[in-house]
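Note that subunit A is present in both complexes that follow, paired respectively with subunit B and with subunit C.
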Partner chain A sequence: MPVPQRMEFFIDLGRCIGCQACVQACTECDTHKGQSMIQLDYLDRANSTQTVPVICMHCDSPTCAEVCPADAIKKTEDGVVQTARKPRCIACNNCVLACPFGVPKMNTPMNLMMKCDMCYDRTSVGLKPMCASVCPSQALFFGTREEIERLRPRSKPVNRFQFGGQIITTKVKMLAPKDTPADAVDITAAMYQPTIGQNILEEMLLEI
Partner chain B sequence: MRREVVKAAAWGVVVTLLLASLIVLGSRNLSHFDAALVAYTFAVLFATFGLTYRYAMWLQRPPTALYWKRGWQVFFKRGYRARNIGNWFKHIFNDIVLNRFIWSRDRLRGLTHWLIMWGCILAVAITFPLVFGWLHFESLPERPEWYRVFFFGFPTFSFPSGSIFGFVIFHGLVWASFLVIAGVMLAMRRRMREEGAVALQLFAEDFLPLILLFSVSLTGLMLTASYTWMKGYAYDFLAIVHAITVIFTFLWLPFGKFFHIFQRPAQLGVRFYKDVGQHEEAAICRRCQQPFTSRMHVEDLIRVEAELGYRYEINAPGVEHYQWICPPCRRVLFALAQGKLWQGRRGGVDLGVAPPSPPAYVNPAIGEGPLGQEDKNNFHA
Partner chain C sequence: MSTKLADSTNIIEAFGPHPAYSHGVWLDTGVEPDKVVKTHCCFCGQQCGIQLKVKDNQVIGFEPWYDFPFNQGKLCPKGIKRYLQGAHPDRLLHAYGRDATAASGFNAIPYEQAIDRVAAEINRIQSQYGPHAFAVLSGASLTTEKAYLMGKFAHACLKTSNIDYNGRLCMVSAGAGNKKAFGIDRAANPWSDILHAEVVWISGANVAECAPITTDYVWQARENGAKIIVVDPRITPIARTCDLFMPIKPGRDVALFNGILHLMIAHDWLDHDFIDRHTVGFAEVAAHVEEWTPQRTAEVTGIAEKLIHQAAEWWGTAKTSFLMHARGIEHHSHGVQNVLGAINMVLASGRLGRENCGYATITGQGNGQGGREHGQKCDQLPGGRDLGNPEHRAYVAKVWGMSPDELPPPGVDAYEIFRKIDAGEIRGLLSICFNPVVSLPDNNFIRRMLEKLEFFVAIDFFMNETSHYADIVLPGSLHEEDEGVVATAEGRVIKINKATEPPGEARQDWRIIQDIAQAIRRERGFAFNNSAEIFEELRQASAGGIVDYSGITYEKIERQYGVFWPCRSDDDPGTPRLFEPGAWNPIAQGKGPFYFPDGKARFNVARYTPPAEEVDREYPIMLTTGRVVSHYLSGAQTRRIGPLVDHYPEPRIEMHPLLASRLGIADGDWATVESRRGSCTLRVQVVKTIRPDTIFIPYHWAGRQSANQLTIAAQDPISKIPEYKVCAVRVKKAIQAPPEKE
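Right, the complex of A and B next:
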């Protein structure tokens, strides 16, 4: 069954408090038992405690699938880019290195690329993905457009990102300020950007 | 017609003709060819065309074409040849004979695949030479109860037809079907019980191959049961049903999951590519200055992405291409770009006090951060 169209995934990286609940919950997912697909990094540990949880953004034109020599990565009709098909994946690492968001992981002993499939076993039957169901700060949020507009009145979902000369559109939306211009968010412009201090408790978590 | 289609069709015709010639040659001008099996022969010839066509089309996709070429180049690379030949035997044994990587996924899955794979290999090793007329048996003139095995028209060993050895040989397909049926049952059990599999499986891709293997094995066993215990009851009907199931399986070979049998050995080339890459110059991330994969891999990906029409080139000095940025830095860039949008509304102090440190996993344990050694290298874990 496809993921219901009205249900969308919204991420607000700045809200992450680094609790690792998503990392642990992700290992419970039936499609990749015991392995977490969340990528949770410290941005710049020398200067900040800020963490960034990255899940698959489910690109409209997935670079990971295009560069796969084994044609092992497929996108379902609901726009979810599935993890590698087990009989086909030859563990070449192309997808791991080509994904513009740095999402896929390589399970070396299994000779298999694994990545977030938006908890397809859950979302395809109308449940929330594991990570979104446990995220205490709702940096990872799965719900309807109406819900997010009500909960985050200062935010607007964006899903066009620029990497050098390439623009990538995604199924998962990032939350940007309401007045963000309609252009694609330039990711590579942040190449030498210093980490930005944020007052999480006062300004963000109390937003709602 | 597109050039790649013509090329793939030409390869299909050449390989099919080659097999047809070998059938004529191996059956000594069809003198040992069993006319009753002619439908099987044509099904195999069609499957050969289809498989070669699909394989040739697959090899012409930009990433596949590049890795096919690179796989051979690194295999014969000076200074690595002896090591590669040794590793070839190791990989064949671990990956193909033992299926170690599948056992790592799950022991029951490993056993399932092992049973199906060895059952099919045994069945193919028996039936194909028989269908092609490459294998036949003759009674010894001096001892009629003894059989001599002829392969490709050449006499080989002989054995008493009523011996235990003879029983084992003549029932080879029965043993093969036992293996396949056991494997199919385990696979079906998993597909009906495991929620992850239930969410992702497709009928044509995942169930049809199992149904076909089961049908072939069961109808084959019914033939044996018919002539052994039921005085040949419904034998002709069963023979036709069995032929239909086998021929449909052959015809399906190029289209569905069975194609992985032919595609999968490409993982050997990938192993050599990664092994040689590890011993050569590493790629250095142009943001955090940490090594990640091999330089060769990054340069190859830049080529493949350009051929596919992606434009990840970057004007920033010293970066050139997004492919020179390691995966952890890509994730960080994503967060920094969002932080920049919110600057002035959610805090906004630049924290660039100390030189920026490379990104690091919050939880670097295997299975929670990286999933294995390669992730550790690529993600600096």
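Right, the complex of A and C next:
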């Protein structure tokens, strides 16, 4: 059964508290038990507690599939990009290197690329994915467009991301502030922007 | 202590902590569980609903419980991986007796033999030194039935005054403050009142790590337009994106609250009608805060004046609000004053007892609320009754079928119990669900006292670090091996359901207590056949008290997804929100919603005093301690769960780069922290998210990694909570890792 189209995945990085509930819950998913497909990192712990969970964005034109020489990575009709098919995957790592979001992981002992499949065993039968089910801050949210509009009135979903000259459209949406002007997030440009607020504590204390 | 302690390396090799990882059936896919049990997480006061999948008497995983209203499926990493504590290699499957000739220091012995030994020692110590020479330490992670039974065991069976519990380390400042101001000790509101508050004020609560699910309530309030104010010495994950952050100096919270009230009065941001009709004592408090000008408040708290003005304006002019605090303001030698200061701010605003107008402490332990209600506190009887009150004694004695004169007088707090060991007044100890060697301050003193005991018996499911000092260790039950109720941080009484049977010779803790009662031939009132029977007696014992459970049944809990106490009759659905206009209670008898004879809340003058140990030239840095998201309390459980250990494998010293550079310390270096009580060498994490005059160390670890070697045993004079949140230390760079041995 395909994942119902009305159910969508939204990520709100502003909410993430770095608790790793998503990482731990991912290991409980029946299709890849014991292995997490989510990477959660501090962006810059020396300066901030900001953390970022990386799940598969399920691209409309998945770079991982495009670079796969064995045609092992398939997108199902519902737009979910599946883990590499075991009989086909040659463990060449092309997808791992090519994915702009850094999602696929090579499972060396199994000679198989593995990645988030949006908990296909759950979402295809009407359940929420493990990560979005447990996420204490609901930085990871799985639900309908109506629900997200009601629950997050200050945000707008964005699903276009620019990496240099490449624009990628994804099934998974990221929540940006409602007044964000651009309709695509320029990821590579953001890498060179100075971080804001990292001296906030010193500035506050200096005012005494 | 009859024989010398074995080498700790050998004890750890035999009993752990060993981190467990998923293997075998835990990793098999497509396993059909025999049953799926709806229950709750074993960690923290939020008590999230969870469904445990059980196969062949083993919890093999979980499934979110989407219908449970508090968390709706959400869980933190501890809850997700809690199943790894079952079928654990360190699980105690037998009773153990100390044996100096055994490499691990202990030998497995038959359960009955262990019980007989415990009984003989209780009888010997009590007949030789009197009933109070045998003490009991209990815990707030036990179900309420067990907590009730522990109180009854001490007071009615052992007839010792000396029982206290590890909630003494946790919620007691809030409890004492709430009783002084409201006459009742419970969160005033359900968490749903956070969602539509205009201002959410969080003081001294690392919500994201210690009460992770509460995060969604806070963020959702902001989506609905709330301003979030966070007061903390560290920019915690919840503080990172709040609307107003106030980087307070540890131990100065009451000064801030007084300063805010000063501005509320100056700007007339007061609810005069509420103050007149529902409170007493405002004039004295108003006079007291006159001296707390913004300038003085800023000087004492280390918070810039303009932030104080901004916070006062938001708080003062809001129409709805929710104030939450936790151990950050409570773990102080003046913790009760801090709490009273916070409550004064709430009372002056009049925003209480209404929808979206709330106040709560975020209770920390699994049954932090229920564990402090029914008689395992040193001065307490069931139903929130007082051991020192003749009427209360008479009521409970009747339920227990004894004369009130047989009940002992009130005893002393958990730390004082150790001082009484020092004084030779206490010679024997039974401990359950408590790991004081890790969790009490100045724990080098605690070790010496445990060694001094003539007899020490510990009940636990793992050999925790305190059990190393025991003469007998009895194998108790895991959370999933018993049923019973707990009360959550919201005051919601919920039901823990049994998923598995205790393995080996382990058994439910209440059975062990009853076996001891029988072995000392004082079994009257200790013949319960199951938890449900204990709960029935608890209902009766609590009836008519402030903490009235008489209308709560297991069935009603299941049907309503929990019952908020007080619940006074079969057709009473319970009380989600306290202090609503017109609410009845047995103290006020209809005169008002608060639990005093006139039905009015009390303003209390909240006095600022500095921490017991101020910094000086010798010890120039403040140390504050707390929790991390992947561990729980003394770590007896979470340090045995592999994925949680990997998340945060060892304590680190959080230090601001300004301080680090002054000390010549770089990120990742080893450093030795010294206080007047002990020292501790750990790696440093250099971060800009902490005040430069303060360092932070999480306290979940034992031995050489224990932060409580450093902390001070100063206690609040009212609540007796220790001052974990601030003491004076010095720090110097260390060359290498300390030796592995403790």
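In this text, the second predicted complex is superposed on the first by the 192 of 208 C-alpha atoms of A that agree within 3 Å, B and C clash if a C-alpha of one lies under 4 Å from a C-alpha of the other, contacts with A are read in each partner's own complex, and residues count from 1 in each chain.
Going forward, a residue touches a chain if its C-beta (ideal position, glycine included) is under 8 Å from a C-beta of that chain, and two chains touch if they have at least 3 such contacts.
None of these values were measured; they are calculated from a predicted model.
Of the two partner chains placed by superposition, only subunit C is touched by A:A25; subunit B is not. Set side by side, subunit B and subunit C differ in how many residues of subunit A they touch, and the one touching more is B.
Contacts of A:T108 after superposition: subunit B is touched, whereas subunit C is not reached.
Residue contacts after overlaying the shared chain place A:S137 against subunit C, while subunit B stays out of touching range. In the superposition on chain A, contact is made by A:N93 with subunit B only, not with subunit C. In the superposed pair of complexes, A:E147 makes contact with neither subunit B nor subunit C.
After overlaying the two complexes on the shared chain, residue contacts for A:D60 are found with neither subunit B nor subunit C. Of the two partner chains, both subunit B and subunit C are touched by A:A46. Contacts of A:D78 after superposition: neither subunit B nor subunit C is touched. In the superposition on chain A, the residues of subunit A touched by subunit B in one structure and by subunit C in the other are 14, 18, 20, 23-24, 27, 30-31, 33-34, 45-48, 50-51, 154, 198-200, 204. Remark: subunit A residues 12-14, 18, 20, 23-24, 27, 29-36, 39-48, 50-52, 54, 63, 66-71, 82, 86-88, 90-94, 96-103, 105-112, 114, 117, 120-121, 124-125, 154, 161, 163-166, 174-177, 180, 185-200, 203-204 touch subunit B in the complex. On the side of subunit C, the complex with subunit A involves touching residues 22, 26-30, 61-62, 64, 66, 73-77, 80-81, 208-209, 212-213, 215-216, 219-220, 222-223, 235-238, 240-241, 245, 247, 298-299, 302-307, 629-630, 643, 647, 656-658, 667, 685-692.
Residues of subunit B touching subunit A in their complex: 58, 61, 63-64, 66-68, 95, 101, 104-105, 194-196, 198-200, 257, 260, 263-264, 266-267, 270, 273-274, 287, 292-293, 297-298, 301, 304-305, 308, 310-316, 319, 321-323, 325-343, 345-357, 359-363, 367-375, 378. Contact residues of subunit A toward subunit C in the complex are 14-15, 17-21, 23-25, 27-28, 30-31, 33-34, 45-51, 128, 130, 133-138, 151-154, 198-202, 204-205, 207-208.
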